[in-house]
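The structure's right below; bear with me while I get my questions together.
Residue numbering begins at 1 within each chain, and the chains themselves are lettered A, B, C and D in the order written.
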Amino acid sequence: MLREKYERVPSGCAVSGILDRSGRRFSGNDIIQSIALMRERSNGLGGGFAAYGIYPEYRDHYAFHMFYDDEQAREISERFLNEHFNIAEAGPIPTKKVSWIINEPMIWRYFVLPKEEKLTSSGLLSDEFVAQCVINLNKRIDGAFVVSSGKNMGAFKGVGYPEDIGEFYQLYNYEGYMWTAHGRFPTNTPGWWGGAHPFTLLDLSVVHNGELSSYGTNRRYLNEFGYECTMQTDTEVAAYLLDLFTRRQGMPLEIACKIMAPPMWDEIERMPDDERTLYTALRTVYGKALMNGPFSIIAAFNSGMVALNDRIKLRPLVAAEKGNVLYVSSEESAIIEICPKPDKIWTPRGGEPVIGMLEEVKA
Amino acid sequence: MVEYVIIGNSAAAVGAVEGIRQRDNTGNITVISEEPYYAYSRPLISYLLAGTADDRKMAYRDAGFYKDNGVLLLLGVRAVSIDTVGKQVILSNGKMVAYDKLLIATGGKPFVLPMKGGDKKGIYTFIKRDDAEQLKSVAKCGTKAVVIGGGLIGLKAAEGLVKCGVDVTVVELADRILSTILDEQAAVMVQEVLEEHGINVILNDTVTEVIGDDGVSGVILKSGQSIECDMVITAIGVRPNTDVVANTDISINRGIKTDDHMCTNIEDVYAAGDVAEAYDIVYEDQRVTPIWPNAYMQGEIAGRNMAGDDAVFDSGFARNSIAFFGLPMITAGIIKPVGDDYEAVSTVQPEKMIYKKAVFKGNRLVGFIRLTDIDRAGILTGLIKDKVDISPFKDKLLDKDFGFVYMPKSYRKERLLGVKRK
Amino acid sequence: MISYVLPEFLVMRDENRCIQCQVCVRQCANDVHYLDEKDGKVKADDAKCVNCQRCVTFCPTHALTIIPNPQEFKANANWTKKAITEVQKQAESGAVILTSMGNPQEYPIYWDKIVLNASQVTNPSIDPLREPMELKTYLGRKPDKLEFDEKGRLITKLTPQLVLNVPIMFSAMSFGSISLNACESLARAATELGIYYNTGEGGLHSSLYRYGKNTIAQVASGRFGVHANYLNAGAALEIKIGQGAKPGIGGHLPGEKVGAEVSATRMIPEGSDAISPAPHHDIYSIEDLRQLIYALKEATNYTKPVSVKIAAVHNVAAIASGIARAGADIIAIDGFRGGTGAAPLRIRDNVGIPIEMAIAAVDTRLKEEGIRHQVSVVAAGSIRNSADIIKAIALGADAVYIATSALIAIGCHMCQKCNTGKCNWGIATQDPQLVKRLNPNIGARRLVNLVTAWEHEIKEMLGGMGINSIESLRGNREMLRGVGLTQKELDILGIKAAGE
Amino acid sequence: MKRVYALEEYCVGCRLCEINCIVAHSQSKDIIWAFKVEEPRPLPGILVEEARPISFGLQCRHCDDAVCIKSCITGAMHRDERDTVVCDTDKCVGCWTCIMACPYGAIKANENDGKVVSKCDLCPDLSQPACVSHCPNEALIYVDRG
């Protein structure tokens, strides 16, 4: 598979996300409409979506979305999958020919569960087992790429404007309770489908607008915990940091956000004792996980999502609420486009996460 | 308003005016002086004689001094007596000046040697400005003079006369010149210089008779020797000018007796300067120390106390800075000690005319002589005055570079940084 | 025996400017300048001159210039003047050549072959004059993760940390090797700057205990001046295993430098040589180091981080790993250009490796072992300016130690004669006449100025990279590119070539 | 009043204070002219006492209770409007009584320039005395300690 030729392609981008906290499912139309409005922020070299709640019939299976360069890659990958998983269903993801979308890889989908004996012999929990398998697949099998691997969710992405990608995947045919989208403006022409956002790991998906000046520091830090940053993207770093803190270290999401975009030291100095101790500890222990430089990201996972800006808000991010629905986007217009009269609309401060959780999870 | 009256108009009087004015800017001050001059520098009369001082230099204070200090000046009039009961001063012109506070600062007057022919024309004293002016008018080149007395006044007169071209002989009764301020060693060295400059010095002798018709034509010494001369200057010393207190209840010993506030035995009557007898910190007794700085300081203390202060005079001791023919010398305190209580060290470099001597009593410096090398001699004066324990640096006192660097650090810091010792 | 050694310098005096004021005479502790009583002129004995430039600086008419002696030997690329002179010296003395300060030889200076990145278009640079720019640095052991209770409250208690306002510390220089006024300058500057200075192995003079909050107390092989109060006086402890200028050998403070104050501070008799053994005789292996680390922690009731300082030698990465595992909270690595108060010239000039390579190797090794985040790494050994600091941190250091630059700030002119004890600038001397030449008011002020200036520059460079917190530079080798380096060197440094 | 104080702990004995005092009181205010050309060269108003390792600059303390003024036989020594103790050299006759009196030894006989005394005048034309400005080690400070 044609991988990213250059390391760390800087890019400007658009992001958008919608969550209905009641769990009500809705089609991909809104998210396509929202991201489409920000066409100016993309340049047709990458677009993608993450959709949650779209596979209720396989809600307990890991849904693997795969890109293959060719049949051989598919065969090798499927052999790998068969070896480690019981596959409940497999087949190509339906797509529609769109004139602007070219050079698409083979796009397949598998609903799988880890084989009991493999799980037992690995000594891993199933999520970690799946994560290891995804990393191995991406690393070892040429021409194959795991687009997403979470339960009851999937990522749909490719090279093109996001609305064309949405059309290509016919996302209006899917219904989910949460959608995120990304329109990319890379400064070169990588033409690699895997490089588009969202970046995913299990059910975690990240769309991201920005460029991390701390990339080298963050990556070396993640290395220490076994994360190999192969994609050369900042999005990958953000995803792995979230995974490390929330999944592996079991930290509250808010805290993880405060590690990635912490308050300034002088702000910490002015905090009450408890808070000061907490933030001092966070920055002292996790300094290398601070994501420095401009970014706005939307990270989604089965239970909800979080939108986060860098601490001095060098990239745009707007949030709105209407009833149970939470909107986050790079631009206010992209929210108004699909929700003309929100109950509340605001610009989150740098480093202040906007967190939306499914009500059933909260309860 | 307080009426201050000061009899006399020299260093002590000026010191008193300035002392009064430190505390009282309103009281009236009256200064009474027999001499018809503004305060002038009495030691400068020898410079006047030698021609190196003019009126400007002679003036001890600016012309505006009296006005600026609100002083009523009564010049050319003598205070004859004092009515200490009625608190008034009786003047030679018959007038009375009432006082609340009185300072007697009448200075000294020359000792006059009883000698045959002492009434001839051409015999002078050398105390006042008029004396110098008078002498200057007769001290022509080629004339001859005999100076009776080899002390400070006599030698200064002799030096001035030599500079006028006069052939001078000094006759001194003592075994050395400048016997009050120099020891034998120093006196010999200074005498050499005087002689080099043409002064004929005769020691252990004195004038018994002045000869001549109307005017002076010579003197005959006790030894029988006779010396031709055109003039005689008697300079065998001064004594306190206590005339004004005669027949009053103000106590006199050699001078007017004062306490440590410069007050006499009579309330509101003070005395200062050459007329006063005050405590000498070196000799530790009451004595008259007729030197300029003492006069000023006593006057200032008296003035302050007259104006209500509680100031103590604690710096009385003899000290002199003088030079003859460019040979400077500074001496202070006891320079020729008598008795076992004292210890003296000295160093001499005859070729450089340097002589240094220090006199100790216990761990205190009580006197010194510095000839030629007078640099920073005031440090020693200070050590005497402050009664400093000199034992830590006693061996350095005569060194060329002696200074605070050799003194204990705490003392040094106290003096130089104003840091108080713990 | 006539000396064959040429005077190293010539003293040039501009007679048109010299006013015979003798300031030079009074300032030269080497008795170079003297007043010739015969003609009243000030003259110089060039052979004694060490080019410390005290006279040059103090001459009120700028009449003096010190130049290298232009006398050359017959051209020989192999037998250079230096090589010949050293042979001559040893033939005369029969002794090891002693010298001081850091390795002056022409080894590559990798700092100067590394360039920094800056933001353009895609990522805004940050203006430190308008935006916060954070240099605060915590040194000490860090847990793998923080634990929170079910209510999200922090459970983990951090072990003691050093908090630095700027990632710069003054490295170890003992009282004895440097003067008390130099120590005080460092201590006061560290206090004012919110950083730390290091006592070196000379103990802590009683007058410096008041700067304890900003003091790192060193424990070295001689254990000079080490007692319970000393260990508890500072904010941290440092076990000195080695020094970049003289890896593998100990120290030697000659008896003439051991005056009353040094004697009392080091707890050795006045006038006796203070000899630090080459190794710690209670550390012959890594497990012994662990014992000492924990002995010190016990002695200070676990209130202070413990640093271990080593010289950068060939297998520095593995050694550092061992030190991290032995329980050190901070590892200080001293490169081969680091300074010294006295070292054998051959050792100084030939032993050890450059700090740039060492720090890159250590950071990578610890990262690979997954323990880099647990310890702090401090780079030392000729950090000359703020760019060196930026590069050291991007290569993986948490902070740097500076010493030579600190000494230059307070007057050192790099004459490399510390070992003689006649430092004309009052730094590397115990002669009271010379010590007083360094006014700690001025010394501290100059140090504060230097570090403040570097702080500004670091902020500028960070802002240019689009970074507003120094922790985002740590190990961020993406920000570095090599110029004129071989691929092997690039690989060790873990950086790409410029243009890549 | 502001006075010059010497911090002996930091005096390096270079005597740049003396040299710069001379320059400040020279005609040209140029060090090379002052030393190489001008005659007579002024005397420094500061002196350095030295007994290694101790040294410090010392000049007139401008005493509140100045015995030099009280002792001066001509009235030349006086306190000016800045409270500085100065000598009116037109009135000074060089009797050296002030040298006898000054407990700091801070007054010098200047035989070069007429026969007058020479002492520190605290550099009335400068913002601070030249000795202080030029002390390389801040061993002289110019402060008001009362």
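Going forward, a residue touches a chain if its C-beta (ideal position, glycine included) is under 8 Å from a C-beta of that chain, and two chains touch if they have at least 3 such contacts.
Quick caveat: nothing in here was measured; it's all calculated off a predicted structure.
Novice: Give me the step distance from chain A to chain B, shortest route via touching chains only.
Specialist: Minimum step count, chain A to chain B: 3.
Novice: What chain is most central when centres are computed from CA atoms?
Specialist: Per-chain C-alpha centroids ranked by distance to the global centroid put C first.
Novice: With contacts counted as defined, which of the two, A-C or C-D, has more C-beta pairs across the interface?
Specialist: Spelling it out, more C-beta pairs touch across A-C than across the other pair.
Novice: What is the chain whose Cα centre is as far as it gets from that of chain D?
Specialist: Result for the farthest chain: A.
Novice: List the centre-to-centre spacing of chain A and chain C in whole Å, with centres computed as mean CA coordinates.
Specialist: Chain A and chain C have C-alpha centres separated by 47 Å.
Novice: Any idea how many Å lie between the Cα centroids of chain B and chain C?
Specialist: 69
Novice: Please report how many Å separate the Cα centroid of chain C from that of chain D, as a whole number.
Specialist: 43
Novice: What is the distance in Å between the mean C-alpha positions of chain A and chain D?
Specialist: Here chain A and chain D have centroids separated by 81 Å.
Novice: Assign the assembly's chain-to-chain touch graph to one of these shapes: line, ring, star, complete, other.
Specialist: Looks like a simple chain-to-chain line, open at both ends.
Novice: Which chains touch, pair by pair?
Specialist: Going through each pair of chains, those in contact are A-C, B-D, C-D.
Novice: Going by the contact rule set out above, which residues of chain A touch chain C in the complex?
Specialist: Within the complex, chain A contacts chain C at residues 8, 10-12, 187, 210-211, 213-218, 220-221, 223-226, 249, 251-252, 254-255, 264-266, 274, 277-278, 280-288, 290, 292-294, 311-312, 314.
Novice: Can you check the complex and tell me which residues of chain C touch chain A?
Specialist: Counting only chain C, the residues touching chain A are 119, 122-124, 126, 131-132, 134, 136, 138, 142-143, 145-146, 148, 152-154, 156, 158, 161, 363, 367-368, 370-373, 394, 396, 465-469, 471-479.
Novice: Tell me, which parts of chain B touch chain D in their complex?
Specialist: Within the complex, chain B touches chain D at residues 15, 41-44, 47, 52-53, 56-57, 59-62, 292-293, 296-297, 300, 315, 319-323, 328, 330, 332, 374-379, 381-383, 385-386, 401, 403-406, 412, 415-418.
Novice: Which of the residues in chain D come into contact with chain B in the complex?
Specialist: Residues 5-6, 8, 49-51, 54-56, 58, 61, 67-68, 70-71, 73-75, 90-91, 93-105, 107-109, 145-146 of chain D touch chain B in their complex.
Novice: What residues on chain C touch chain D, complex-wise?
Specialist: The touching residues are 16-17, 19-23, 26-27, 58, 60-61, 426, 431-433, 436-437, 439, 441-442.
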